[in-house]
Structures are given as C-alpha cells and as structure tokens.
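A, B and C label the chains in the order they appear, each numbered from 1.
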C-alpha cells in the first residue's frame, strides 16, 4: 500500500487495527471488547505479577519439555520411517491419521490415566507436536537428493557420514518446516491442555478471566500468548530462511 | 507442496492395524493402571454404545455445529481469501492478522464464547469458525497469489482483460489450494468442536467422553474417543482422495 | 532505416527498480515480413527488449512504434511465444491453442475450428484432447506456437522458444519454423543466445552487448534458403556469419 508515493510496510496495518480496536472499545460496542488502551494497561498491571509469572513459568516449562520430547522422538522416528520401508509402511498410516486428528479428544484420556496436572499438559504438547515433526522429517529425508547420496557413497562415505553430512542437511528445510508447525501446535497444546485441566498455568488464568468477565485482563493475556506463538513461529521461520537458499538448488 | 508417501499395500495396512490393536490389547491387560482398558473391552463398549443409540445421538449433536460452521466458514473464508489475493489493499490490511491467527492458539477464546453465548449451538459453531477460518483464508489467499506469473503475462499478451485473467486463469489455478484449505479447515473444525464440547456443554461426543470419565466407565470413554478420532481420520482421508482425483499433481502444474 | 519497417524501436531505455540498467538507447528497425533476431549473451537485455516490444513490461525512455503508431501495451497485431511455454496445465491442447481467440470473444465453434487447423499445421493432430503434462517439451512449445499463429497477428515475438528442448528437436523446429513462415507474410522477432540458430533462421541479426544492453552491430546474413533445409548449414554466407558473430561476442564471455 502506498501513501503519498511511499510504500508503507505491511506491519503498519496492525497499528491501524489497534486504533480501530480502541475506537470500538471506547464506543462500548460490545461488553467483550474493551478499548485497546485498557488492554495495554491491564497487560502492564498483570505481567509483572507473581501470579502471572508462576503461570507463565509452568506453561513455558510444559511447552519446553513437551517440545523437547517431541523433537527427540519425532526426528529419529521420521528418519527411520523414511529409510526403512517396513517401519514407514506400518507407522505411516497412524502418523497420517494423528497428524490431522482432534488430539484434544485424547486429553480426558490422559487425565484419567496420568492424572490432573502438569504431566498431562506435557504429554498433550508432545502429542500435538510430534506427528507433524515425524511427517515432515520423513518427507524431507525421502526427498533428499538421491544423487547427493550416491555421490557421497562414490567418494567412500561411511553410513553415519551419509546421514550427518548429506541426508540430514538435505532434509533440513522440510525438518525445520515440521519443527515450526510442531511448535505452533505445541503452543496450542499447552493452552488446550491447561484449559481442560483447568487448574494450572495460563489455561487457568484464561478460565478465571472469562468467568469473572475481566475482559481487559483476558485480552491482555490473549495478546501475550498470541504474540508468543507468533514469536516462536517466526524464530524458526528465520532459521528456515537461512537454509532456504539451497532448497531450490536441489 | 509435496505429498507424503502413501501407506502402501492393503497388506501393510492390515499388519499395521493388527500391530496397533494387538499392542493396545497387551498394554490394557498389563496391571499398570485400572483406567486403561484393553482393546477388546473398548470394542465391546463401542458396540454397546452403537446399539443403545447413544453414539448415534452424540454424533448427530456434534456434527451439526461442525457442518454449519464449516459451510459458513468455507464460504466467507474462501471469499475473503480470494479478495486478499486479488486486492493489494485488502492484503495489506489483513495479512499480518491472519498470519498471527494461524499461529495462535485460538482455543483460548473458546471459554469466553461460552460465557457469552451460552452452552448452545451458537457457541459451538463459533468455536468451529474461530479455529477453521485462518487456515481456509490463508490457503485461498496463497492459491491466488502463487499463480504462475508466466500464465498471467500470457493472458495479457493475448489482450485478456483483468476479469478474464481472474476467471480463466487465477481461479482455476487456485482451486487446488482452496480445496486443500477446506480439508485442513475441516480438520481444525473437528478440533474446535471437540474442545467446545469438552469445555462447554453436555451434548455430543465431548459429553459422552466426559460423562463416562466421570462415572469411571473407562471402556466407554475410550470407545468414544477412539470413535471421534477414527471418524475424523476417515472423513479427512476421504477428502484427500477426492482432492487427488480432482487435482492430480500434473494438472496442478507449475 | 531500410525496407519497410513494421516495428521501430527508438531510444529505448529500461532500468529496473533497484537500479539495474537493463537497456540503454536501443535503436532498431524490424523489416516487414522478415525474421529478425536479437542475439547476445546472458544479461544483455534481449528478453527485456522483446517484452517491451510486446507491451508486457514498461520502458523508461524512448518509444516503440508499430506500423508508425506508438504502442500502449499489448496489441492484437503482436503475438508472443513464451520460453517456458505458459500453457494452462488444466486445459486441453485444443483449449490452450484457442485461448487467444477465447479471450477475444470468438464463438466456440469458430475458434475450435481455427485451433484445429493450426494444431494440424504444427504437427500435433490427434493430440487435441491431451493435457500439457502428457506432452514432451517440444510438443508443448508447438502448442505455444499454434496459439500464437491462431490469432493471426502480423508480428510474432518468440522468446528463446527452442531453448528448453533437446538439440535434435531444436533442429527440427528450426526447419519447421522456416517452412511455416515461408507461405505467410509474418514478421518474426526472435530472441536467442544460439549463434547457429540466429544465422540459420534470420534475415537480420541485431547483436546486443550486455550491461547495459545496447545494439553493438546489425548483421544481414543473406543466406540462400532456397536449396533446402540441409543445404543452409553448408552455405558460405551462413558459415561466414557464424564466424563473424562469434568473433564479436567472444569478448563478452
């Protein structure tokens, strides 16, 4: 979009939306939409509090552990499925099913088996993230350049060298894409897991604010969590861009 | 976009099923937790629920908001996505928002919806729309934006008007991604309706799950969960096959 | 400017946003009914110039005149053949060839009849119902050529049309193109980086030098094409032309 002949970066459209939000809020259009300034104020108030810090810590911890497990399990499994035909065929169907299934349906199951607490949330994050990581890793390795592998073998590379020096690097763009999608799902996993478990973390706060109609606090938290999800996604996307240059040369 | 490797022969799929269910049976019989029933018991419970109609009723209740939500969301979402793709102005205003929305845990807003719109159909439809909209809009948008520029130049060289360009080249080209967006949107819709039902209300599959959990009837609870996952998987897989038939990768072209 | 020039390029300059000057002060005349070539190494702006003449990209300086009138974008008297074929993958060969006519608004029966005629002319009879993905690269380009012929434009602009096919197909194409053009009064402006191709096909060759693109030389091969396609490559003038061009272009590699 250009104004007065100068191109305005697209990020500025968000500013316009904040202004619109403020206007709608001030006009008291709907009880659930407070003015944006009110939301900012609430954010400034609650973010430094003990309560928020605890909730954030718990949530980040669950997210971190869940994602770490998903990566540790997902990437090797994806590679295995790509390289060993039998494994790929047996597990392939299940990965495909679970990658688009409503995993949130499994959370009550987890609560019944594992209990109501942080562990359930960690497992939820794991389940949300792992399948897309497996899938994209598998795709990346399967499509890794055949001729590069042949080239490595022709120059005498040993098994593990083929993996580390060629295959994984060749599959890196897809793996990072899977990681990014997995991270986004992981954040959803934390929120949904905590909403359903309802007694810990930001999920508990969301419930609390909704219940008591503390709209400004609610939206402040929403904006914070949304920005976190976006930040994580963009951080990995930045990594993706760094390896993108060779993706097109394959 | 690359397609994942197909699962392969029917034989392999059967082996896969047998392995999975066999494992389930074994784990269920292991005395680690009273709450984890073996496969056989779950199957029995499933049958019971089908027989007494509770499963059928639940699905009727669950599918209503799902279908309504997806239809509404589909029409509006595709329309808006196309608008974003064709108009730089609309794109400028909407793209950052939808990029954020795609990454965001929209589920956080669902409790708010409940408190606002009560525990009825409206809330659930809204939950579906909230979760499905970003992916439908973004896919329609990308389908339009990623049209091969060579084809557009070609239509200009033959003096095609903008309208002809949109109708004869851009839209057919975008059709494949739009359909993909709908399929992904449906998957998100399932997620939305399940969360809504687990959080919100005593109806549908979510209710079956929470009810049987509360009375500690674990086989029935598991059966409900398995049924919704299976249902979602089958539906989405069917759509994938339709998509492959309608838009074989050759016809997608560059 | 010799002959009857159907297309005149005067003082054309093109700078891309970002500062890259692709063309500077290009002056050329293209004689009616003849095949003219723009030849040069990568980066000399020949495709840019061709697209400017086609009206597909704007220029910063100078003007292009067709039949004496300044151009304002694409026009019905100019048809373009694309390097990457630009075929609609979801449409049949018949529809692709008829596309220019479809955009023009010709009734269906009429444009399909015309399309069939040109499909036969380029040697693709029987493939009317096929899709581009079922055709080889060479066949796809024939579709592109048929499409350009079907709109009956006076001027055909070809952007390295044969660079995406193998050598043997390419040679056949060159022969067929000369055949097709022999009985028609079409003006062709051709872009290539192949010296032999330029010498084989052209009545006039404009050599472009790179960075920024300007015309460094105009060569008229005067090759005798009357004695059959195979004899052309042994014609004295053909060989001399190839040599002469190479000596000039060598310095830019």
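We take it that contacts are C-beta pairs under 8 Å (C-beta built on N, C-alpha and C of every residue); 3 or more make two chains touch, one makes a residue touch a chain.
All figures in this text were calculated on a predicted structure; none of them were measured in a lab.
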Item to complete: Give the fewest steps needed to get from chain A to chain C, where each step moves from one chain to a chain it touches.
Response: 2
Response to the item:
Comparing B-C with A-B, the one with more C-beta contacts is A-B
Worksheet, complete the sentence: chain A and chain C have mean C-alpha positions lying a whole-number Å distance apart equal to 51
Worksheet item: If you average the CA atoms of chain B and of chain C, how many Å lie between those two points?
Response: 49
Response to the item:
Whole-angstrom distance, CA centroid of chain A to CA centroid of chain B, is 18
Worksheet item: Which part of chain A faces chain B closely enough to touch in the complex?
Response: 1, 8, 10-11, 13-14, 16-17, 32, 88-94, 96-98, 100-109, 111-113, 135, 138-139, 142-143, 174, 184, 187-188, 190-192, 195-196, 202, 206-207, 210-211, 213, 218, 221-222, 225-227, 229-230, 232-233
Item to complete: State the interface residues of chain C toward chain B in the complex, per the touch definition above.
Response: 51, 54-56, 73-76, 78-80, 82, 84, 86, 88-90, 99-100, 102-104, 131-134, 147, 151
Item to complete: Report the residues of chain B in contact with chain C in the complex, numbered from low to high.
Response: 148, 150-151, 153-161, 164, 168-169, 172-173, 250-254
Practice prompt. Sort out for me which residues of chain B touch chain A in the complex.
Written response: 2, 4-9, 12-13, 15-16, 19-20, 33, 35-36, 88-89, 91-97, 99-112, 114-116, 184, 187, 190-191, 193-195, 198-199, 205-206, 209-210, 213, 218, 221-222, 225, 228-229, 232-233, 236-237
